[in-house]
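This report concerns only the one structure given below.
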Amino acid sequence: MPIREGDYVLLVGDGVRSVIKVVKGSRINTIRGIINGDDIIGNEYGIIVRTSLGYEVAILRPLITDILLERGGRVTQVIYPKDAAQIIISAGIGPGSKVAEAGVGSGFMTAVLAYYVRPDGKVYGYDKREDSIRTARRNLELLGLNEWVELRLRDVSTEGFLEKELDAVILDMGDPWNALPSATEALRTDGILVIYVPTVNQVIKVITAMKGAGYVNVRMLDVTVREWKTEPNEVRPHTWINAHTGFLIIGRRTIRPAAQPTE
Amino acid sequence: MPIREGDYVLLVGDGVRSVIKVVKGSRINTIRGIINGDDIIGNEYGIIVRTSLGYEVAILRPLITDILLERGGRVTQVIYPKDAAQIIISAGIGPGSKVAEAGVGSGFMTAVLAYYVRPDGKVYGYDKREDSIRTARRNLELLGLNEWVELRLRDVSTEGFLEKELDAVILDMGDPWNALPSATEALRTDGILVIYVPTVNQVIKVITAMKGAGYVNVRMLDVTVREWKTEPNEVRPHTWINAHTGFLIIGRRTIRPAAQPTE
Amino acid sequence: MPIREGDYVLLVGDGVRSVIKVVKGSRINTIRGIINGDDIIGNEYGIIVRTSLGYEVAILRPLITDILLERGGRVTQVIYPKDAAQIIISAGIGPGSKVAEAGVGSGFMTAVLAYYVRPDGKVYGYDKREDSIRTARRNLELLGLNEWVELRLRDVSTEGFLEKELDAVILDMGDPWNALPSATEALRTDGILVIYVPTVNQVIKVITAMKGAGYVNVRMLDVTVREWKTEPNEVRPHTWINAHTGFLIIGRRTIRPAAQPTE
Amino acid sequence: MPIREGDYVLLVGDGVRSVIKVVKGSRINTIRGIINGDDIIGNEYGIIVRTSLGYEVAILRPLITDILLERGGRVTQVIYPKDAAQIIISAGIGPGSKVAEAGVGSGFMTAVLAYYVRPDGKVYGYDKREDSIRTARRNLELLGLNEWVELRLRDVSTEGFLEKELDAVILDMGDPWNALPSATEALRTDGILVIYVPTVNQVIKVITAMKGAGYVNVRMLDVTVREWKTEPNEVRPHTWINAHTGFLIIGRRTIRPAAQPTE
């Protein structure tokens, strides 16, 4: 597939890693020298080009995580790819899923969700901060994913969700226990609730609240991804890693039979 | 959504966790007593029922990972959910992706891939063992995912892949370096190669081969998911965890301009 | 150094690992065949002997951790070698240190402490259970370390420690916050307190209590030791590891100047 | 115990952590204001003093690891406390042990070893770089531990060790397989060899060489210490951790009976 003007491309070379938009006649500056936009256009993706200083740089189609990590703006990224991946598989979110998320922050998780619920699912993104909604919207547009997302400026703890029968709800906020009743109402009767919190103080409150509200199969997970150096003669884990982002707590809503009293 | 005869359901209770098929007039044995199939049918998913011994059990829609883990048969499960999740997000596999996988084993990863490429993508699953193909086919049918998978009894190292222009290729075999030339040919020009191996001896061979074949952005990852006990008064990591399954090595194919000689 | 009758030796071979006492004329059964006690006595440590079935077994001087792990009895081992090592270095415990420990359990940590405070330090081991004191005493005798330990059947939470000016106090009990005032009194003015608890519920209580009691430099650690398979052609982490034993919380006592009021 | 002029003390306060030498009439600058040396001298260790800006700082006896980490100089610290602790316990190094170490680097591990072999053991520290020997000597003097260490400017791979019958040898160098024959000769017949290397390429060579040289009980370990934030209302792992320093490989020398040929 040839690279066309206006495409976003991922540049990868020695010390080079960025996502840029291809423009005719442009000169792309990298720390390894200049690349001409015209040398890229019309070539196949995967092509290796040379910079003005003679270094090799590969031109690749970016993944949505590449675009978000490189161009998603300066709002704190709350949910990392490693946790996003675990949430999606643990909650069974896939094509066709209807999912709500509160709060969206910069829209990183929102975008990943939108990517996976396509083409017939939907993501409802809530945040009580207008600047988060604005940043998330811009990121979703950049990625061409806004069609699958409804963004809502609304405090779910006090005002609730507008949807019902959702497959999953994801709470990424400081006081998720306050949004638990709203989330339960918005879920289908065996829907999946995912809560993401950084401290164990919050963890204890969340677990207590979820068990009290009848959730079952409540699991708590802590994902670590160790990245390694990949020089053939020097294969070893990187010295410093991001060892903690948040704890994931996942459970399933249940209901009780109307007639049968729970002694 | 009411539970119907013939549905697979996930039972979750104190010490109870299984996936069963709902049959009218059946008696389901659990270690906490018996549940009557007729007490389940027609109820909403999420319903809590009581066993003959008075214990509560929740009846839930199973995720595909629940079904695979509980009923996927006794062939060794090679790629775990934690690694499957990381592969999917790191390789950008989603709705519409065209992906090949060699070898399929019991079909766990194949099923997860099929779930995420729906409705218009495709998974090509290769294995040189007939019993693996058979088990994978049975598991895919059980999950209703066979429509999105072509299974092929074929040794990719010697006979190659039948497809071209694939978005991603996943190699889960003992000697993936032998399949590397075939995988490269089957990928689109900037396609993503994922290799999954358990030992660092293999890791070194894989990295050397991938770099030699022009792959860039070669990353190596080691995913650990620590699962915690979720009693509100006793929140702590489980004592024993599955700390190692395999190392993930991920890279992107590149091509060189035809006319431009590489010094 | 030749092996003498009465020595404890560590046998290491393929599938063989045990600590036994060498007896003249004895026949030692292993899963790889029989070894004659007489074939061992008088040889150098490190000698490789052959079993009746032709397998090779090495005869080694056991470390104290080998003896404790193999012959320490069936009382739950509470503090693992990995955590014992971290405690010793984090608390600066070494030759000459005066240390108290409550509760001693089977005496594993007590023995390690005694080993490191030799020859002029002392360990004061408290437990409120008589059977723990008895087991710990037996283990210390087995190791020849009882000279450096005073064992005391006493509840430190209600009755306090008998010592003053200790370099370090280690609390390994369910409700360490109840023993905190006693521990503080027993420590020297800048002494080191180490608390070992398995749950984060306890962690929060401990940290709150320690900060409230004026401890500074309060650190919390979580030690993981991943053990690898060491076949030259198959180097990889073991699949299952002991991923959690307890959290270590370490802090230093302080005092306030008598005259200077703390507004 | 009162603080005397000339003592090294550890200052701990909000954002303050340093080791300084107490001098009469001195003014100690910290980022929280000034402390007068005269306000410290004569007080008990553990005292909380106030800076000129009103902040509280505790004055503590430093551990040897505090001194090394704060004042050990700018030579790369090769073996971290977490690994030093694991080496000491895994190799059974304690009071009375005779141990050699090659190379000493800045002397961090050497100092820890010296601390634990006191009062009647000895550490033999080898390095082929004169500046390492010099830095190590300065650090050992600073700590008052030089009495227990012999430093030797010598390449153990080509020239061997000068000692025999050592309890343990620690190799911390890039090509430890070249020093393996010398190390084996220097060990007692069932002595313990510890090798510390950062890459898995080295690991494979080390394991192959050790097994080939008759070492048994060869273990490989990978120690991770996760440090947590200890605010009572915000208990959580630190975001970034030092996730990899080196792999530890530990084994025991053996000998074969002179007369008995190995099949």
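All chains are identified by letter, namely A, B, C and D, in their written order; residue positions are counted from 1 within each chain.
Heads up, the rule we're going with is that contacts are C-beta pairs under 8 Å (C-beta built on N, C-alpha and C of every residue); 3 or more make two chains touch, one makes a residue touch a chain.
Just so you know, these numbers come straight off a predicted model, no measurement behind them.
Identification of common neighbours of chain A and chain B yields C, D. Comparing chain pairs A-C and B-C, the larger number of C-beta contacts belongs to B-C.
Because chain C and chain D carry the same sequence, their contact can be compared by residue number, and over half of the numbers here are used by both. Inter-chain spacing, taken between the CA centroids of chain B and chain C, is 42 Å. Chain D has its Cα centroid 21 Å from the Cα centroid of chain C. For chain C, residues touching at least two other chains, in rising order: 200-201, 203-204, 226, 235, 237.
By the touch criterion given at the top, residues 198-201, 226, 233-245 of chain A touch chain D in their complex. Those residues of chain B that touch chain A in the shared complex are 1, 12-13, 43-50, 58-61, 63-65, 81-82, 84-86, 88-92, 94-96, 112, 115-116, 118-120, 188-191, 200, 203-204, 207-208, 211, 214, 216-232, 235, 237, 247, 249, 252-257, 260. Within the complex formed with chain C, the residues of chain A that make contact are 200-201, 203-204.
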